[in-house]
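Take a look at the structures below.
One chain, chain A, appears in both complexes that follow, with chain B as partner in the first and chain C in the second.
Moving on, here comes the complex of A and B:
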């Protein structure tokens, strides 16, 4: 079992907090950015768990492109959730 | 009420996950002994699949990066399916958003953002190309490399409202890369025994020109993924007329 250091705990709570914020907030742009933050921290966790292949993919697709595509799509529809 | 139910369900799910992952060391994940046929020399071996990958990947495929060897060589047909899924998604996006350009007027970007992105773009493209050309040597491969290239073009789209991908060039690049992938697979059917099987010499492990067809296929996948993802971002962005 891989030992969970203090930084791992901080990252785990950051991921969970960002994910809950992304679900709960009414501002969709903030939700997209929170989801991007979550996947960025997840990519650091992948790197810590010695999976650099997955870490590169997660950082470029999850944190970069997906967030940009979400923001473009929100710009075409509406910013606030009813 | 709904939130309470959701919290109870989520914590129950979390508890189940915690219990099942707490003794992950005791469970023998993927470590069962199987009798399976070796695809290279046809012999039957009595060893587990993960240990076979770890001990024999370098000799069988010539690739130092075992993940790449599994994705392109052992599970190459799955990768072809994955590329097809991405192609279908990109086609669907461009079909839905065909000729709906226009919309809100976008403000010009800051001078620092414009000049900075012009400065950074070549390095981003170089990093992406490095990631997919060295896919069989270092971590990475066609999918992350293509995504890095697409994020470089995305940066240009963010800083210049009038930056467009040339649609014809993008679609030609994508089609040529897809044709290369399928054609190499068919060549494997001709020169070796099965679809997508390696037919080139393996070379010395650790050099760029080694591992047979893996670098060629990953360069094709890199171009394909990069052009598809940047065309998705290009179709979605709003521009001033």
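Moving on, here comes the complex of A and C:
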């Protein structure tokens, strides 16, 4: 399936960009948002690799719950990294 | 169905993802990044449905359903933080 190959290449570039930005930024809220995007893309990659149950778990835990907990923790501590 | 139809849809989604990623990285404020995340969520849901159509397995639609239901929690948390309540 050449279409799934094209989608996989697009997702590869997207997850690399989001991960590099999540590491390099000093704003922790932006880092949490970029980590959410990376988790979202990894969920699509699991679906392309024919594992829909893992993709459901990654989409619910990684994209929804983890980013909410990160934002809650950043709200309790500090926003900017030294 | 015509194969160029899928190529057209993949091209549109790729352009949308590129624009969303540009705004996610370049955006000056956190509000721009939150809106870019929400836009990427919608594009991703469409992409999950496209993968379900290409694979011809309707069990893949459950992933898109669960993701569309649960993905707004992060955006709501970020909006609540920017408001100052969290």
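Some points to look at:
In this section, the second predicted complex is superposed on the first by the 78 of 82 C-alpha atoms of A that agree within 3 Å, B and C clash if a C-alpha of one lies under 4 Å from a C-alpha of the other, contacts with A are read in each partner's own complex, and residues count from 1 in each chain.
Keep this in mind: a residue touches a chain if its C-beta (ideal position, glycine included) is under 8 Å from a C-beta of that chain, and two chains touch if they have at least 3 such contacts.
Since the model is a prediction, treat every value here as computed from it, not as a measurement.
In the superposition on chain A, contact is made by A:48 with chain C only, not with chain B. In the superposition on chain A, A:37 contacts chain C only, with no contact to chain B. In the superposed pair of complexes, A:56 makes contact with chain B and with chain C alike. Of the two partner chains placed by the overlay, only chain C lies in contact with A:29; chain B stays clear of it.
In the superposed model, A:73 makes contact with chain B only, not with chain C.
In the superposition on chain A, contact of A:12 is made with neither chain B nor chain C. Counted by residues of chain A touched, the larger count belongs to C, out of chain B and chain C. Residues 1, 52, 55-56, 60, 64-65, 68, 72, 75 of chain A lie in contact with chain B in one complex and with chain C in the other. Interface of chain B with chain A (complex): residues 24-25, 65, 67-68, 103-104, 131, 139-141, 143-144, 147-148, 150-151, 154, 158, 229, 232-233, 236-238. Per the touch definition, chain C reaches chain A in the complex via residues 6-7, 10, 13-14, 17, 21, 24-25, 30, 33-34, 36-37, 40-41, 44, 47-48, 50-51, 54-55, 57, 59-60, 62-63, 66-67, 70-71, 73-74, 76-78, 80-81, 86. Considering their complex, residues 1, 52-53, 55-57, 60-61, 64-65, 68-69, 72-73, 75-76 of chain A touch chain B.
Partner chain C is touched in their complex by these residues of chain A: 1, 3-4, 6-7, 10, 14, 17-18, 21, 27, 29-30, 32-34, 36-37, 40-41, 43-44, 47-48, 50, 52, 55-56, 59-60, 63-65, 67-68, 71-72, 74-75.
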